């Protein structure tokens, strides 16, 4: 099954994103805690795109496709422009984040700890970030 | 309204209640309230999260940014009432090791008295 | 699809394990490099069980079940006895491994970097280690 | 035979050819050969892996355990001819940063001459 959302680059739209994801995740075997975390991870990537890549310009948008099979969910986040390769980003230590006092720097750490696999590629000016979550555990 | 913040100044401590969802669009509101309280000379800050449904890294980052200052100024911060799903987010990052987290207001009060 | 192997606790049996896994992996969409790595990761877990948990006693054995679906492979490794929780094990830095000179200590690092998800549980004296590899990437 | 190890002492360098598969059952053989060569006073050790089909952590651990000693004694180690799948295993661990790895024997020779 496939679900799509066009998300405008405005952080006030993030709650819409959570609702969209919540509806899809509800029907999976993931626990409430896991569903919550998956929503968070996808939001973190989208929030980064909105803020860091698109400067909160509400005229620009990013595309999210969610694919669900019996044992795997794939969240594909596409946008145009300057790509940011989350795989190449080296996360800081939490203690460094605390000392830096810049009220940020935890997002990608969360994404990497929550998701089972992350892919990033850029082709023809489109950046694609894919987040994988394994559903089956038995 | 996605986020509502209530401030209650009681005798020895202040209670901040976070109601709703905190994300990148409104984490600055949390920041302003905390800054206010610090400037107002708060000594013991209890944060009631029993009605907090969601917090993203933007909100967590606000708490993180005060930890050193709180330590220096000997301001005590205790978070209580976290829902399991929200607690687990603190847990993933190990923030439960950096911030005092209690189940109930009673337990939280015991920390600061 | 499900495949099973009973592996006796003798390191000279590891080549059998590799053949068994190679046959199963051949039919997947994984590249040769990925297939090789998955074989390696499963072998590392089995070699640890043989050496550290079963003292290379060739009368004891461990059970491997491989489940394959369109987009996921699950390697379930079961044994009896004193369990070792790979999730709780804190891997050393490579530089520490080099200094220690004990000719070991790289196995679990490999497993964690190769596999997409790892589970461990013990129930009724049976230890189960599950290694997940995502097959689909598009 | 799963693993065959060939030693070739040439003028200025020794070439070790690893043929087959190295795992926990036979990594000690690799260890013994290297120990022998060190005791024999080897100065430049080239390891030909063009016929190495597999190496598990047990074999990688053998190489790792000599790196400091090689540095101290100024013994040069160069691995060459790794198949892509085997190279990628060195790569996962970042061993390609710790051990000199070359494509061809010619390139490897240039390192030690």
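Annotations for the structure displayed:
The chains carry the letters A, B, C and D, assigned in the order they are written, with residues numbered from 1 in each.
In the analysis below, contacts are C-beta pairs under 8 Å (C-beta built on N, C-alpha and C of every residue); 3 or more make two chains touch, one makes a residue touch a chain.
The shown structure was predicted, so the numbers you read here are calculated from the model rather than taken from an experiment.
Measuring from the averaged C-alpha position of chain A to that of chain C gives a distance of 30 Å. Centre-to-centre separation of chain B and chain C, using mean CA positions: 42 Å. Computed centre separation for the pair chain A/chain B is 25 angstrom, with centres defined by C-alpha atoms.
Per-chain Cα centroids separate chain B from chain D by 56 Å.
Multi-chain contact residues, meaning those touching two or more other chains, do not occur anywhere in chain A. Touching two or more other chains at once is no residue of chain B. Chain contacts here run in a simple line, from one end chain through to the other with no loop closing. All chain pairs in contact, by the document's touch criterion: A-B, A-C, C-D. By the touch rule above, chain C contacts chain D in their complex via residues 11-12, 14-15, 18, 32-33, 36-37, 40, 43-44, 47, 50-51, 94, 97-99, 101-107, 109-110, 113-114. Of all residues in chain D, those touching chain C in their complex are 2, 21, 23-25, 27, 31, 54, 56-58, 60-62, 64-65, 67-68, 84-86, 88-89, 92-95, 98.
Residue ranges on chain C touching chain A, taken from their complex, read 69-72, 74, 116-117, 119, 130, 132, 134, 136-137.
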